[in-house]
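Comments concern the structure below.
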């Protein structure tokens, strides 16, 4: 049975990737199981300078999902390179650096610094709903996506993944813009903008007022977007949004994902990535599928 | 205790409205409890000519939500006026006619025909994701919303509610366009476009491939949009999207809804509207609130 | 209205074949009004996690008891299998089979798999119907004794020949029609079987009722999600399985 | 790593005050390594409906048993209350209280409401600590006997005076500090109480540890959702309650 997948020339031992921001830099989950189990680890969103993030509370549960408003708390790209990459290099899993900037120059600068650092791919987070400047503002306009992708590509010496926001009228426009800008792969979806109010105190539960919705609740939106994007671009796709078990992962692959990322599911089950990988294998055994790539985009539309 | 709310000059005995398409023309649920319990009933989406709707399957459950792709099956506006209004007129609850057209002329024509028919308000469904022509195409572009609202207002002699689609980059733009076009009230949200694939057959579960996501899963997105819209328009708001219990309804009112609509929740609990109304009363008793209108928009942002 | 939501105490529950669970609950209201072919709309989990009920046929009723049998298939039925005390049921729903023993002297009842369950109460009410029950294989055979208690003319068929007649139940029906007079056929089962039954019945001018399945929302006729295609075509093309069915005349519907 | 996910058999469960549930589960791994102040991250429902675990303090451990006490507050804890057989627990997590009996000769333990539970095991390990337990009213008073078994110096206070000392526990602490030497204060409870304890301790130059609460995602330090504000400010302003806490030195954090 083959579980290897290839994303823009980078070979992953299996299609399971950790979703940025839910897995830190791998240290904590790495205490629980070997990160060699993973195809790749996509690390917490990085910015050029260190960031404190948003005030707490930063998370709450909703029906079948969660809202978060971490706001890109991170030690900055240089500290990441210095302290985290050497740790991650102990494992065979590939490293994806998720980067977010306030300006286009920020992204380019980070792409430069990270290119020789040992990370295997860059993921441009142009869709974070929890910061005021940059972030989602870049990701909801096709022209900006085209431009920022072109610029970053000039500086990146490793493959660039553009991470798309679901908070748009037409996801295919955004995907096509990223493709036209030279993106090597796409990942989707980031979180949907949501809000929850505590009816006892009448205050928003999150100090940031709004937050990003993820988890099982968003899965149908994510599957639809992956399907739509797969129809309109040739780029490899990393699908995510609510994947909780092997069946969910298979559904994303049938919709057109070449690999899948697991985020919120890690919180309930720290071994989620391992058990989702096993679930894919079980499905492949049951349906006599030899190569996991044979699932990609195989949804049957009659 | 006062439960009466006023939407664009129409007085509802309480803030509970049935969400269009989930309650038919009231006949079936009317067998289970008196429709006098409701503030208003918003009927199944109407079109000028009768419509067959989409092929089955038209519904499936997702994690914490459902997808539907009914596609506006309905007997046409004239049959509705002839057969359904007299039945609905037996009750004290107000009648909202939900209308959807292929063209702007369709909407105007329906507005004309329904204006003298005994319905109390019109709800313009410019956000149905399950039909090819019209529907969502109108609802995702601010200019079109402005124009279509202006036109319909010329023909409607009763208040016009514009129902907004959540499948947009910026809901406030759409709300402001409807307000500028002369809308008397806004309702939101319609369903989020989603998809589910049966991994056994590898086919989309819905014959229509995609469908509209509703139910508890979408609540945080809906609350956020109601809150955003309440900040940017002066129009009364009918909030909906995943309301399942009294607490949910209170949350929508705090976010800025003057009334709430209940859709998917009816399916699990046919008495959902009655029990949600009771839940609001319980909350008001607990927090010593005399007038339900005192909840509207009272979320505290410090 | 003859349906409502009831909290029904579970009296007995057992697995009668792999993944097939036989349940009896207490509910006088449903037991006293239910007719063969009607169904229950069952809450299988909490309304947040699972916003939809699951439609399950009424298998039998006696006094204040209602029996239904379900296959553990997905999230809903797996969860239903865990409920030990009280089940929340909306019912009885839908149109029953038309029984008119005067006109329909020689009835045949033919069911396949889980489609056999809605036919038991029907078989009990008919006069010595001919009953054909088809299953994939011996381990799946269920309710044989119950049907035999209802009629002396019961034949079980298995696709793989591991029990009873070796082949599809439809073959038994074909032979029967060739040899005997059949006034009416009642059927429930997988779509390929229903399609064959419908064709056979119509080719031989036999009245035939079939019970259909469709994914459902409300279960009571309000949401228009449970459509089946009818022969009327045009804008009236779709009917509601929950309200206009689940039992239809074979000539009404397109399969 | 000294934490993992365990399926823990429920040995006993009882409501010890209105909506307060006292649970003991079997788990040798946690019981043997847990230290006072650490917490458990508990799965309260299925992962689809409730994607987040709930953090609950370890109240006590003995041999292979772990005791925790929770208040039924919302969806999660209400659901947890229904689990009778086996609970899925991630733990033990977080930093414990610092116990150093040499330097801290005269310890005071002060807790309020549900904040009293994480202090029991601590009180047991300290040498005759002075313990102040505050509750809203008599009906809420819990664990009094357990604390009294751990130390002879236990005083219960109720806000409404319906039991024990009439007033806030913080008043008792104020008096104590005036009269006696206090080397260290350990506290857990509602934020206004912690704020008062912190102020009092710092005004009197007493070392003080407080246990904080925050909404959590992963519980192990990876997701950065459980922040509290620290006195360091700048870009290192926020620390993780799950990993750097829940126990902090009062001088480390801003309340």
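Think of it as A, B, C and D in the order they're written, each chain with its own count starting at 1.
Here is the rule we use: a residue touches a chain if its C-beta (ideal position, glycine included) is under 8 Å from a C-beta of that chain, and two chains touch if they have at least 3 such contacts.
Every value quoted in this text rests on a predicted model; they were computed, and no experiment measured them.
Peer 1: Hey, what chains does chain B share as contacts with chain C?
Peer 2: Per touch definition, common to chain B and chain C: A, D.
Peer 1: Look at all chain centres (mean of CA atoms) and spot the one farthest from the centre of chain A.
Peer 2: C
Peer 1: What whole-Å value do you get for the distance between chain A and chain B if each is reduced to the mean of its CA atoms?
Peer 2: That pair's centroid distance is 33 Å.
Peer 1: Based only on mean CA positions, could you tell me how far chain C sits from chain D in angstrom?
Peer 2: 56
Peer 1: Counting in whole Å, what is the centre-to-centre distance of chain B and chain D, each centre being its mean C-alpha position?
Peer 2: Measuring from centre to centre gives 46 Å for this pair.
Peer 1: Measuring from the mean C-alpha position of chain A to the mean C-alpha position of chain D, what distance in angstrom results?
Peer 2: A distance of 36 Å separates the two centres.
Peer 1: Would you please write down the residue numbers of chain A that are in contact with two or more other chains?
Peer 2: Residues 63-65, 216, 244.
Peer 1: Spell out, as numbers or ranges, the residues of chain D touching 2 or more other chains.
Peer 2: 48-49
Peer 1: Based on which chains are in contact, what kind of graph results: line, ring, star, complete or other?
Peer 2: Graph shape, chains as nodes and touching pairs as edges: complete.
Peer 1: Mind listing the chain C positions that touch chain B in their complex?
Peer 2: For chain C paired with chain B, touching residues are 1, 4-5, 43, 47-53, 75-76, 90, 214-229, 234-238, 243.
Peer 1: If you look only at chain D, which of its residues touch chain C in the complex?
Peer 2: 45-46, 48-49
Peer 1: Chain A touches which residues of chain B in the complex?
Peer 2: The contact residues of chain B facing chain A are 62-65, 67, 140, 167-170, 192-197, 199, 201-204, 209-211, 213, 216-221, 223-224, 227, 242, 244, 247, 250-251, 254-255, 283, 298-302.
Peer 1: For the complex, which residues does chain A have touching chain D?
Peer 2: It comes out as residues 21-24, 27-29, 31-32, 44, 49-53, 55-61, 63-66, 68, 70, 73, 76, 205, 215-216, 244, 264-271.
Peer 1: Tell me, which parts of chain B touch chain D in their complex?
Peer 2: 63-64
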